[in-house]
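Got a structure for you, written out below as structure tokens; questions coming shortly.
Letters A, B and C mark the chains in the order given here, with residues in each chain numbered from 1 onward.
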């Protein structure tokens, strides 16, 4: 059995609103485990809490409730010095490649920085390793002396990747890594991600709102809505036999051509706006937009249960609505 | 209206800690005096008994917080103790001299606004023109100009050479209004140079930003005349900035008047505190600083309240 | 680097002129004993309030001292005063601002309150108050001015820190295990500092005027040491007899303050992040 790199146990993250009177329940009870070597995709609309989840996994946000385990350790039980050391194995690449780079540091300085922090090697050696990474992500050596504002979005994202790789992390959270890039170079970057995974034995937590992207790279997919998972299962299963109405709606709305066997025969249109995360609907939080909501959906919150092997759903009528009940 | 009075109440509550902190700072000034205050006051070659006498007489042997509390209590009852030198009550001295300084500051404020606002508007409506360049240069000059030097130059020209204005002294407004204004005119003008510069700068940049905004360009496209855009939209939005400037000016002018009064030998608050500082008359120094701070805080409170009335967005924090 | 500064001066003649003037003043201040024709305190009661002549290019003052020499020797005092005051302001204001901005919470609340309070004091008045307590003299006066300036600097640094600490690259650095010190020094300070540089330059002008004012009032540089403000005070006494005594120190103060201001404004434009061009 593969080891779990990250285990999330009933995670909840809340933020106070501007006027401090209410709380935004960004993540409202999420549990899953990421095994070594896989690519775990998380898909959801904006406001679903997926970015918050990603940041929490790399300890940029503290859980309000529940916990996150790195391996078998809760990082918040460590001393701050130990935490600083341990957290290097869990990295993140952000959506905005420009904002992630210090505008006053040269590219070389930025890529080398994680090694500088770890210390223990000579400057020459660190430069060499940084150079090697720069080369590995497909950028010429002379870029090292440039500044971020002189490069394109795609190039900057490559640099972010290079920088993260210098510390040989075990897990990389990819938070909408291609969303800010031109469509034409997305494929290149995604292929780079795939290559690097093979070469360095990486595990990815891949967060995106774009179904085409996530089905391309993921082994498992979780569908997130308003702070909770609606469905979780192997990528192919989710695409071909989604059990949750939300998943089916997402799949059917996807404009990128999927093989017809993966496409639903009818287009499901969701009505209404995504509710406010300060006040999720009672019972099943998706019911306000679900085309098949019944009374029970408002009264009772659906249980997160394993319908098939490795395939979890939270819906009273899982399968029935999508016509794929076993 | 309900919401506004609640906001005003909140502002008043916020002011309180600031006032208390200010009084603490003013009282704390005394702690900066190197060595033992009693020794300083007793003078050279004073006997130990004399020093102890002074220390007890001024209550300097009590713990700091007790001294602070009693000083604060007295101050709240308008008793700012007595001058070390003349033994006159400090409060009386301040009240006596305050109107003189006030006349000058008000004069300077009025001049700054009356001259500065039109200039600022002109410069903003014609950015990049020769007029704008002239106004901006003038503003830069005004900020760098030492006000007391300008005062000296004014005295040399207008008072001594041409005899238009009196060179020194002041007259109470209540006694002889014309003479009072004449005496206050040159000092006010000297102060106003810096004030005009400040007003012009702030107004020009604020107005320019508004006039070049998308919204205004849309109004132009709709066909509104530049004049009405300026009046209706530009100036209304800038009134908030104007309030800020007035607040800044109060602070600045109160400070600058201290120096200018020395040039004109005007018996105002400025000369009071300078004399006290040189002769280590601490109660007077504290008294003047305290009164000025209270004035500035109250003015800012007033301005804040006017803000909430003028700009509906400000209140919704 | 000299080349790029020179090129910048070429494109911004005002700034260039200011920079040249200030550098020249600085050199003059250092070389004062060598360059000035007479000792600044050398009295000659036979030749008081003389008109400008070959022997005394700017005439003599009421004690027969050469005005030009006093002017030259006033420069180091002036520059020392400005830089001292601004240094004090930086030493107090910048760390306090960084602390308030970075830590947030109640630390920030308390510090902001204190800053607000101190900003309610009219600058000169507080400076006079502090000088009165510390004892009159140039260094004490400038310490007072520096203390009076530190709240504005702290407020500016705080605002900048608040913005920069939200930046994504700070988060990235945290993920790499960067220590607090490293984040502040390597990431926050370089990106927060530019408006501070502009403000510091502008404050040099204000400090200069403050020193002149304090010396004029007799609270700053004490006689017989020369200072431009003090020279103005003496000149004022003899204004009716020899009005031209007032011009040279005043113009010196004006030009220097103007240069600092112009340089500061030009720096503001040059360092504007929306036109980032290195």
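Keep this in mind: a residue touches a chain if its C-beta (ideal position, glycine included) is under 8 Å from a C-beta of that chain, and two chains touch if they have at least 3 such contacts.
Source: prediction; values computed, not measured.
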Worksheet item: Measuring centre to centre with C-alpha atoms, which chain is farthest from chain C?
Response: A
Item to complete: Taking the mean of all protein CA atoms as the centre, name the chain whose own CA mean is closest to it.
Response: C
Fill in: Distance between the centres, which are taken as Cα means, of chain C and chain A, whole angstrom
52
Worksheet item: In whole angstrom, how far does the Cα centroid of chain B sit from the Cα centroid of chain C?
Response: 22
Item to complete: Please compute the C-alpha centroid of chain A, do the same for chain B, then give the distance between them in whole Å.
Response: 57
Worksheet entry | Of chain A, residues touching chain C in the complex | 55, 58-60, 84-85, 87-88, 90-92, 94, 96, 99-105, 113-114, 117-118, 147, 149, 160, 163, 167
Fill in: Contacting residues of chain C [partner chain B, same complex]
113-114, 116-126, 128-136, 205, 209, 212-213, 216-219, 229, 232, 235-236, 239-240, 243, 246, 250, 253-254, 257-258, 260-262, 265
Fill in: Footprint of chain C on chain B - complex, ascending
17-18, 21-22, 25-26, 29-34, 140-141, 143-146, 148-149, 152-153, 155-156, 160, 251-252, 254-256, 258-259, 262-263, 273-274, 276-278, 280, 282, 285-286, 288-289, 292-293, 296-297, 300
Fill in: Contacting residues of chain C [partner chain A, same complex]
167-169, 171-179, 182, 186-187, 190-191, 276, 278
